[in-house]
Each structure stands twice: as C-alpha cells, then as structure tokens.
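Pasting the structures here.
After this come two complexes, each holding subunit A, first together with subunit B and then together with subunit C.
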Partner chain A sequence: MPLELAEASLLLTFFNALTEGSTYALIAVGYTMVYGIVKLINFAHGEVYMVGAVTAWWLFVTPQVPLLAALLLAMAVCAALGLALDRVAYRPLRRSTRLAALITAIGMSLVLQTTVQLTFGAKFEAFPETTRARVLVDGCPARERPDPAARAVVTLGLGSQPPVAQPAGPTPDGWVPVAWTVDARTSEPGGPTPGGPPGEGAADAPTSAVLWVEAAHVRRLQGTPPALNADVLAGAGGERLKLPLKDVLIWVAAAGMMLGLHLLVQRTKVGRAMRACALDQTTAALMGVSVDRVIAYTFMIGSAMAAVAGVLYSLKVGGNISFRMGYYPGVIAFAAAVLGGIGNLKGALLGGMLLGFTKAFCATYLSSDYDFAACFSVMIGVIIFRPYGLLGRPGATRA
Partner chain B sequence: MAPLLELDQVWAGYGPMEVLRGVSLHVAQGEIVALIGANGAGKTTTLNVISNVVPVRRGAVRWEGAPSSGGSIVETVRRGIIHVPEGRRLFADMTIDENLEMGAFLREDPAGVRDDRERMFALFPRLKERREQRAGSLSGGEQQMLAIARGLMARPRLLLLDEPSLGLAPIVSQQIFRTVRALNAEQGVTVLIVEQNAHAALELAQRAYVLETGCVCMSGVSKDLRDDPRVRAAYLGE
Partner chain C sequence: MSAPASPPAPLAPAPGPAARRPAWLLPALGWGGALLALLLVGGVGSPFLVSIALSIMLHAIFALGLNVVVGYTGLLDLGYASFIAIGAFVVSLGLVLTHQPPRDLPALPVRQLVLTQAQRELAPRAGVPLVVRERPDLRYDVVAGAEAVLDALARDVRALDAEHVRGLTFPVGQATARGSLPFAFPGGLFVLLALAGAAGAAAGVLRGFPTLRLTGDYYAIVTLGFAEIVWLVTLNEDWLTGGAFGIKLSERFRPRMFGDALYDDTWQFYGVVLAALAAAVVASWRLERSRVGRAWAAIRADETAARSSGIDVDRYKLLAFAVSGAIGAVGGGLFALKVGTIVATKFDIWLSIVVVCCLVLGGMGTLRGAVAGAALLIGLGEVLRLLSDTTSLGSWALPAEARFLVYGLVLVVVMRFRPQGLLAGRGGGGLDAGGLDALLAAPSRLFTLAGAPPAGPADAPAASAGPTDAPEAGAPSATGLEGGP
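== the complex of A and B ==
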C-alpha cells in the first residue's frame, strides 16, 4: 500500500527528529559529564565532534580503511584529543577562575578548527556512498522548489546542490529522469501548483514530478530499493516506506552508548568514582579516588561519543563534513545539555531529543530557516520556568 | 622508634591567612589522641594538613619517620591515613552500600570488603536496615555512623575524626565514642580525634593537645589536662 505523501512526510520528519535528537544527545553527554565533574563548559566539544567526522572521512576516503574501522579509529583519535584538551588546556587552570578556563575552551575550539582547515581545506566533503543518490525535481535543485513534492525531497535530506540537468534522457554526466507521482490530496490548499514535467500531461495525474537521479542509482528508485537509500522511496514509486537504515544506525548507536554509559556510571567502580567526583572532589580524593584520572576518563568517554555522533550523522546527511561542521551541533547540544539539566545524563538525552524534534518538525512544517531559532526558543522557554533544566536540581551542582 | 605520625613546626593557612603557626604533635601506634580547642583555632586545618588536603607552608609532617607532606591526598589514603571529615561529607546521592564501597575504593580484596561491610552493619545495625537508601535521607546521627563506617571500610591505620559528635544527641555521641574505643582496643586502630566536647574527648583519649589560634598551648596525658585549672576554665566550663 503506497503511503500518502503527508503520512510519509510526517514519518520521515519523525525519523529525522530521532536522528537529530540522537546526534545531539550523543554530543550533549560530553558537555554534561564534563560539567558535572569539572564545572566547566568545554566549548571545544563541538570541534571534537568535527574532528571525529573528518578523521573517519579521511580514513575512509584516502587510505580506504573500512567504515567500521574508520569509526573506531575516529573514536580513539577523539578520546586522545579529549585527553589532550584536558591536559593541555584545562588541567593547568583547574585552580584559576572559571572565566580563564572558558576563554581557553574557546581558544582551543579555534585552534582545532584552524588546524583542520589548514590540513584538509575548506571544502564540504562527504562519505562517497552518501553523495550518489542526489535528486532533482523537474530539473531544479530540490531545495528551490516551493511545492510539497520538493519539500518532501528536502525532508528526505537529498537537497545537497546537485548539478542542474536537462529533463530529456540520461545526461552526459549520468543523470536519469524518473517519473514520480504525488497524490493531490497531499498538496496544501491554496499552495503553489507544481508544474508537470515536459512530456507528461499534468491534467490526468494529480501532481507529478520528475526526480533526476544518477544513472547508477535509478534502480534504487524504481524497484528494489537498497536498504541504505530506502528513505528516497517514501512517497515515490508507490513503495512502502522502509526504515532508513542509516538513521536506524544512529538510533541504535545512541541508545546503545547511552545505555552503556548509564551502566558504567551506575554499576561500575569507575562510574562510582565519577559520581563521587561530581558530588564532592575532595571527599572523593579522601576515599582514594585519583580525581585527575577520573576527569581524564570523562573527557575521553565524552569525546568518543561525540566522534560517533559526528561520523554517523555525516554518513547520513552527506556533504556536511568541513572544519565548520562542529559549530551548530555543538551549540545545539550545549543547549540540550542545559535544558535537560546540566550534569545530568538522562537530561542530556531528554534535551537532545527535545531539540532534535523541535528542529526537524520546524524544518518540515514551518521553515528550515527558523529551525535553530526554534531550538533556542524552546531552550529559553524551558529555562525560564525551570532554571536548572528539566531534570536538574539546584543541589546537583553543589560541591 | 619514630611515632606513626609527627607534625614538626607546621605552618599552614589559606591565602594571606596563617592558620597554623608552628604546630608540633605526634601520635604513636595504637594511641587515641584528642585535639581540642576553640572554634577557629585550627583543628580542622591540622587534620587537613595531615591528609594533604591543605598544603604545608613550613615545617614537616612525617609518617613513620618519613616526610609525607607535599604529595597528593590519595597518597595519604594509600598509607592508611583515613580522614573522616568535618560535617560528614557523605555522597548524598549514593546509597549507603555505595558510600561504604567508596570507603573501600583502593582495596583489591572483594571478599574482605564484603566481610568488613557486614562488620559495619553489625556495628551500626541501623545502617543495615537502610542500605539501599540514599545517604542524604539518613538522620544526622545515622549519617555520622555512616561517615565513620565509610572511613573504617578502608582499614585505616590512622583514623582522623573531625567532630564526630557534632549535632548528635548525647546517647548517640556516646555510642560513637564507645565504638571508637572498641575499634582502638580490638583492632588496634590509631585515632586522632578533634572534639568540641572536651569532657568526652579527654575521657576517650589517652593524650590530648590543646590548640589555641594556631599553636599548641598545652598537651599531656588526658587525666592531667582534666585536672589543669586553665583547661577546666576554658574548655570544661568549670
């Protein structure tokens, strides 16, 4: 049974929201764990996410390391980076004012961005696999089309500037038109009517559009979809909606890592030491806990989780890898940590999900111009009524 | 033979303030020694210096004759110096069991730790009934019991107790003093105790030091101090 576009769009938005939310939660955990123990906002944490993505991308593309190995290596690189950040930038300032550490954090962030820019350039890169299924609607880049069909395509995350192709047979650079019928009921009343593609009567079909797809991937849209690009098929070709595997990968990774972290913190000796340090460092030391070592572990764990977020999210969206990519996710994840209750792991998950849903639904149903604004509005709204965040307690940051 | 712990002309303080001005004292293996003095005299600071929470500015702290100041807090814990801090400082969000586990953090013998925990529960049965409860939800007296039990979980060689009876009902503080005496007699734990209640302290300890604005102004066998007119006037309220 074909899904109607409105349903498909809702579902896809929901999937996107879960994906964004998982990504933010994975990053937010790093902010919140470090804050919980050191009472420091590690503003370079967004850059750790960026370094994770860049590292895995480089490993995958240049020495052609298998993807899983690239992911694991990126985690290791980021863990080492987190450790180095703590050693070089934060530990020497542990007894000075918080402002000093904050300024250092911003400085480290700039150092990391610049280093990556100088090393890898300023282009936007992508994992090869994800760039191939680029789609045009009626020969226009999908993002510029104001109708629901185009919006659905944008929702699919396929709007990354494809080359403009002529709507007549395969183009020299390998683009093929694929007819795509859209149920009229999904058009918004009074909304702009999409123009039919040349050579097709716009009268009989309620709405129709042409997707331009790279030749190698036509089959994916017409018949048996490969799992990884199945999200393309929502609403297209009358296919049943399939679970988008790359999204599922992020959800599973996020859920698994959050659960693992929860068990680590609640059930193991290291976790108990972390909680003890978060509550009262001096007393933890009086029990024999090496506080500096616990802080180092905290930086390493948070950084490795940010690496996972960076790699998997880039794998999904494609074309986002650059030295600047850490800024917005970093800021949103920070907001998520604050609104969930900074220092609180469940709060990071809750805050990340809340902002992921806010961003995805705002992008689909309002405008993607305002998605970040919507996130910050939600955060401010929550903080006004719950100054310590959703799950935070005033005592939680007390020494 | 060198005493277990020795402070030799120790100076320490916070920022521009000198709190300890040449404190000298010693504690021998197996003793209970009390440290008494007015509020702000520097008793807590003395214990903090011993456990490396506060650095020594001048002078030396020696453990079994070897210098021990200047290192980390954890090093003192490794030596067996266990500091039960003023105001209990429990991990309020952790359960009683977890607090006891924290006390045994450096120990590598799970079976021994388990035995010791049962021993603590035998010593303080009230804790056993509440072992899954958050430490923060205990009453003041129960919290103090837990703070001491947590310290004992480390198998201390020297137990530093900072005002263990603070805010407790007389019955409860007596119980705590009895426990300390029993630990000393039966397990040979050496104790340096800071106490507001000079009566109780001089009763419990074999020797005592009287601290006044950062200096040891009197010291000696408890019985002699109890009979000293100055101590009677200043600390025993007579």
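== the complex of A and C ==
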C-alpha cells in the first residue's frame, strides 16, 4: 500500500524503537542478572557488547567466517570475557565495598576500551553487505527493472558502502567502478581506483554485461546474506513499505533469547540456583549452591547476550563498530534495567523497550541531538522517584 | 618530570611510637617539599616541565574538589567534569562576550573594508577573508575601521585562524556594543573565577537537591547521567559554547596581569594556579578540621546515625556539593586559560574518570592523596604522551591513548590491592582525613558470609586496613535504594 511520508516516518520510527529497545533489553539482561546477584553495576558490560561486535566483524571480514558462525564465536568470546572479568576484577573484591567494585568496573571498562582501540584502531567499521539498499538503474529501482541483469545486481549484491561518487563507465580492465565499493578488500591491485559516489553512476553504467561482471565478482566476497539486505522502505514517492528484515531479525532474536533465558531461570537447576543466590547468598551457599559458579554463569550468559545485541545491532546500523560504541548503549541499558526493576528479567525487557521508544521517538520528533539526553533524563527520573523500577516492589529484588 | 611528580606528601612509613619526631613534622616536610618543587619548576623548569606542572596542579585542584564529595561524604561522583566545564565556560564566555575593543576605533563595518596590497597579503594569514566574505554578521562588523582592524590583526594573528572564525558563532561585536563588563582588567580574572565558583556551587546545589536521598551506585549513575546531559547541551548549543569548535581565547580576550596577557607559559599564570591549589588545600584542610568536616565524616560513616544524632544531613550534603562544585569550577576556569580553546568535547565522561582515578590512586578522603595522586597519574600520563610523540620503536609507536589503559589499570589494581590509596591508611598526622579506609574495609553485608571463597587471602588488605574510628556501618547503601536484602 502506498504510504504518506508522515506515516512512513512514523512506522520507521516505530521499527527503530523496537530495534533499539530489543538491543537495550538484550544488554540490560546482563546488567540486571549481575546486579540481582552480585549487587554490582558491571560498568564494563557495555564494552562486552562492543567486543562482541568487533570480534564478529573481524571474524566475518578477515578470516571470512560465515555470519552465523561469527556470531556464535563472538558469543563464546564474550562469555569468556565475562568470565575473565569476574575472575580477574570482581571476584577478588566480593567482600569489599560496592564502591570499590564499581570503581574496578569503571577501570575494566577503560582497559577494555583502550585495548580495543590500540588493537582495532580508532576507526568505524560496518559489516559488508552483498546488497545495497537501493540501486537505481536509469532512475528506476533496480529491483523493478525488467532486465534480469539489473535484478541480479540486487540479488547478488553490489556494495558494502553507501554509494560513493565515481566516474561512470568501465575501466580498461573491464571493471565497472560501481563494483569497486564492494571489493576494495578483495580485488587485486591494479584494478580501478576507488573514488566517489556512483549514485547516478550505477544508472549510467551499461547494464547487462558489465553488471554481470561485477555481480560475478561480488559473489566471491563474503557479505551478509542477501536476504538480510532486502530493499527497504518508503521514499517520498509513496513507494512500498516492507518490513526491514534486519530489524525483524533483531526482534526475533531478542524475543527468543529473552524467552530462553526466562525458561532457564525458571525451569532449570542453574536457574533455581541463580534465583536462590539473588535472594540470599548465605542461605544459598548453606544449601549447597556454589555461589561462585552461579555468578560465573551469570556473567557468561549476560555477556553472550550482549554479544548478540552488539552483532545484530551493528548489522542493522552499519558503520557504528568502533571502540567507543559500547558506552552509551551500556549506560542506557543499565538505565533500562533500573527502569524495569533491577534484578527482574521482564523488567529489563520492559525498560529496554521504553528507553528504545524514548530514544527513537525523541530522535525523530524532537531532536536527534538530544535523544540520549532524553534517555538519561528518564533514567534520572526513575532512579530518583522510583528506584525499585516499574515492575519491582519497594524492598524486593529478584532475578 | 621528576620534580613535579615528587611526592608532595611523605611516602615514608608512619613514625613508630619510639620516634620522637613531632606529629606535624612529616606532613610539613611533605607539603613544604611539594611547594618547593613546584616553585622550583615554575622558576627554572623547562617549558615542558612547566606545562606538566600546570597540568598536575589543575588536576590536583579537581581532585581536591572531588574529594569533598567522594572522600568526605563518601558518595562517588561520576559527573565531576560538568563542574569543570561550567567553570571553563563561565570564564571564557565572560572574557569573550565582554571584550571591549580599543575605544579610539571608528565604528566602520568591515564589510566596507578596502584592503591595501600589503594588507591583502596579511589578511589571509589572519583569516580575514573568511570573516569578511562568509560571515559578515560576525564580530568584525562592529569592531571596526580598516586600518585599526588590520593593525589589530597584525598584532594578533593567532586570534583569527579559520577554526576560530568557524567556531565562534555568536556575535561578539554586539555584546561589545552593549558595553558590558570587560574582564580583561588586571583583577578581572579573579572576579571571573569567583563568578565561576559561584556558578559551580549553584550547579552543585541544583544537582544535589534531587539526589539527596541517593547513595552508592545509584548516586554515581545519576551524576553520570547529569554529566552526560550537560555534556550534550554544551556540545549541541553551539550558539553559546561554540559546539564542536569551541571558544578560543585569543590574546585580545586574555586578562592581563603585570603587563602580560595571561598565557599558560607566563609566570603570572603559574603563580595564579599555584595560589589556587594552595587555597584549595588550605580550604579543604580547614573545612575538614571544622564542625562541617566532622559532620561530613559522620554522614560518610552512617547517614542514618548522623541524622539521628542531630546532624542536618541534607544541609551538610548540599554544602559539600556546593564546595565541591565551586572548587571544580574555579579549577575549570583556570583550565580554560591553560588549554586556550575550550571545546565541549574536553569535558566528557573520561575527564570525570581521570579525576576519580587521581583521587583513587592517592587515597580518597586525604588531601595529600588527592595531590599526590594527580602528580603521579598526570605525570605518568604526560610521560606516556611524550613517549608517544617522540618514540617509535621500529614499527611500534605508543599511541597517546595508551595512558587511558594505564588509568584503567590503576583503578583496577589500586582497588584490588590497596583500596585506601597509596598514601592513605594512617590515621592522624597533619592533613589527613582518615580516608575511606573504614568504608572500604567494612565488608559489604551481602557478602560477609555467603560469597566467602575458600581461598580469600587477596581480600585481606581490604578487610584489615580500616582504622578504628569509623563504624562498620560505613558500607554505602546496603539499605534503602535497592530495597536491601
């Protein structure tokens, strides 16, 4: 159905809000579980999210591990990282004050961030795509072109980057510059030089032959699955609105993981131990629960979920992978955990969603400069007026 | 490097009971030595040493200000950078907005400027064409006649580089035309610093009101949230703060003192900063020894107990926030003069954390800890920065960010092995506040029995370092906010 611009923008904002909310919820779970049991604001949790995204990106781009495997490996790396954080930094301070633990957590956050900055570099990266969102051929979306060649471009993929200006026309080697945006990494030296936006350049390129060439070339590149990068969304011209698949993926993943976690906490033995530790560690220890092990599990689970959030969110956003990416989501997710009622899994979901909506709608309708400020305001308000959160009761914490 | 980093406080162990030295000797030696070292650096140090010493002194002022809240009342403030920012912006805006041009200039809009050949050559260097062509609405409209402007430019080329022109979006000329206060007169800086201090105190109280009931983690996170909001405002409201380009304090705006414009390489500025540091130390010391300081200590030990023994907890906490904010803002004003270009990005969360780091390293709650922590940490950071600038060992160059790695490790390692800080842990003796030792030593009730790992020797330093004067109840907020176990 054709959409008015305002409607499309509302829907898009809604989708964004759901996506941001899911991401925050996935991160907030880590905060809320750790806080519920150890009473520690794991300030470094945002960095775990960052490490997850960076790891998956590196695996995906450099050894060209398939996306799903990269995600799983990143989860494993982050779980190990969470475990290490607990072992190295937090466990020795179990009997110290919470202030000391918080300062340690801040220190670990700095250490992780700087380590990533020193190894990964101070740059911004994105998962390469095998499809560009909108390819215009002769001014018409390539997907709707009658000629199969143009459609193949969309299916098999063109560029990882937003269009960059390039001189139109093939180079002596027979490459069309358009393709260059994709394979800057894989193409042999001596190929066409990278340059500015083809935007229109794609339209000028002689379609069939040359586009086939680049499509074939692109096939060698490891990019995100084409299905994830389907054409999106409405322009001013009343184009059709489709569900953005990456967003859907994030929603499904978040819902699935939250459900799984809920079942884990409610139905399994480990979950019961976790709940016991959250209630009363002394008694739990007396009943034979290995508190340290439970805490280790908690860190691992929370960190793995943060990794999922990091990878999926970066898949969607693009160009956000950097050593700094963890700070704001981390703090906002902590706010989400508090908002929902710290120690409460459903609260993390609710709080994450509320803050996701706050941020997305503030960015669209009020000011994109102050979207984070809106989240922080909500956080401050909640902590001051309802520190036990929306779903919590005064005087009760549970996981 | 070695001179400013030399410990301003005695590192020697506490004199045993057998020692006959009077109790004030060591602290006096320490503080005297520190003062001497700073004077020495200021007098004969190389520009590099002077710059490091300035950095150290400024951070020491910040750490002292933060210490009032973190050390004395036991609340972790993660948003201290906002006070520094407030001070920096009050001072720089005060200097820039109220700047008066020399009175004898005819009021001729620059748009009508006719340049001679020589002037035309001079102008691009000074950025004039940018001003004239692109932003005729900016300040040189009002400032005035052709000859005078270019003369001024010739004197003040560094005032007008392109960055400045792009960044400064408020029309200085208009403010000038309104004839407001110029602060460039000799004592003007102190008036401005006082204003900055007042603004910082007001901000501290404003932020303090809603957070009076908070303790522990939640207080820390809320201060962080406030600081982020302040940061976003200073970054985005570029009509006021210059946004990402900032405000540049060029020579015309600098206050004058004994004939020189106050730049960071002048002895006058060094003296002002040193005096400010001394004032902060003395003020903290007097406060800590006063009724107020004892009230703060009581609040830190146990807020409920303090309240029930008749201490007006809210008032004393607000006072602590005000004092802390004022010291931070005054330091921030001096910081503005040192860095020259005041950009919002300088006052982000990491500045807050570096200050916390100084304090943690030296010892929370102690004056010597705050100063020595700043000396060690900033000195170390500057050395690392120097290494990163000058050395590249083969392909391996040390990036400037490496110092943040060090800062992070300092936080972790100090908390792990010496949570009371390097220079704390000894009750009594000179400028010693007792520190957070008791606080940090009191095992959190939650983990008293439960989490006890079979092998816990590592916990010993934390558990055993407490002096006897503070009750165990000092653990921050095991009750209340989170609803307690």
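By our rule, the second predicted complex is superposed on the first by the 286 of 399 C-alpha atoms of A that agree within 3 Å, B and C clash if a C-alpha of one lies under 4 Å from a C-alpha of the other, contacts with A are read in each partner's own complex, and residues count from 1 in each chain.
As a working rule, a residue touches a chain if its C-beta (ideal position, glycine included) is under 8 Å from a C-beta of that chain, and two chains touch if they have at least 3 such contacts.
Predicted model, so just to flag it, every value in this text is computed and none were measured.
**Student:** Tell me which partner A:Asp280 touches in the superposition: subunit B (first), subunit C (second), both or neither.
**Tutor:** The answer is both, since A:Asp280 touches subunit B and subunit C.
**Student:** Looking at A:Pro63, would you say it contacts subunit B, subunit C, both, or neither? Reply first, second, both or neither.
**Tutor:** In the superposition, A:Pro63 touches no partner, neither subunit B nor subunit C.
**Student:** Compare subunit B and subunit C by how many residues of subunit A each one touches, and report the one with more.
**Tutor:** Greater contact footprint in residues on subunit A: C.
**Student:** Considering only the touch criterion stated at the top, classify A:Leu93 as touching first (subunit B), second (subunit C), both, or neither.
**Tutor:** second
**Student:** Overlap the subunit B and subunit C contact sets on subunit A and report the shared residues.
**Tutor:** In subunit A, residues 279-280, 282-285, 395 are touched by subunit B and also by subunit C.
**Student:** Over in the complex, which subunit C residues touch subunit A? Could you list them?
**Tutor:** 74, 76, 78, 210-211, 213-214, 216-218, 220-222, 224-226, 228-229, 232-233, 235-236, 349-350, 353, 356-357, 360, 399, 401-402, 404-405, 407-412, 415-416, 419, 436, 439-440, 442-444, 446-453, 456, 458-459, 462-463, 475-478, 481-485
**Student:** Where on subunit B does subunit A make contact in their complex?
**Tutor:** 51, 53, 72-74, 77-78, 82-83, 85, 89, 91-94, 98, 101-103, 105-106, 150, 154
**Student:** Would you tell me which residues of subunit A are touching subunit C in their complex?
**Tutor:** Within the complex, subunit A contacts subunit C at residues 39, 41, 89, 91-104, 106-115, 117-118, 122, 277, 279-285, 291-292, 295, 327, 331, 334-335, 338, 342, 369-370, 372-373, 376-377, 379-380, 383-384, 387-388, 392-397.
**Student:** Spell out the part of subunit A that touches subunit B in their complex, as residue ranges.
**Tutor:** So the residues of subunit A touching subunit B come out as 269, 272-273, 275-276, 279-280, 282-290, 395.
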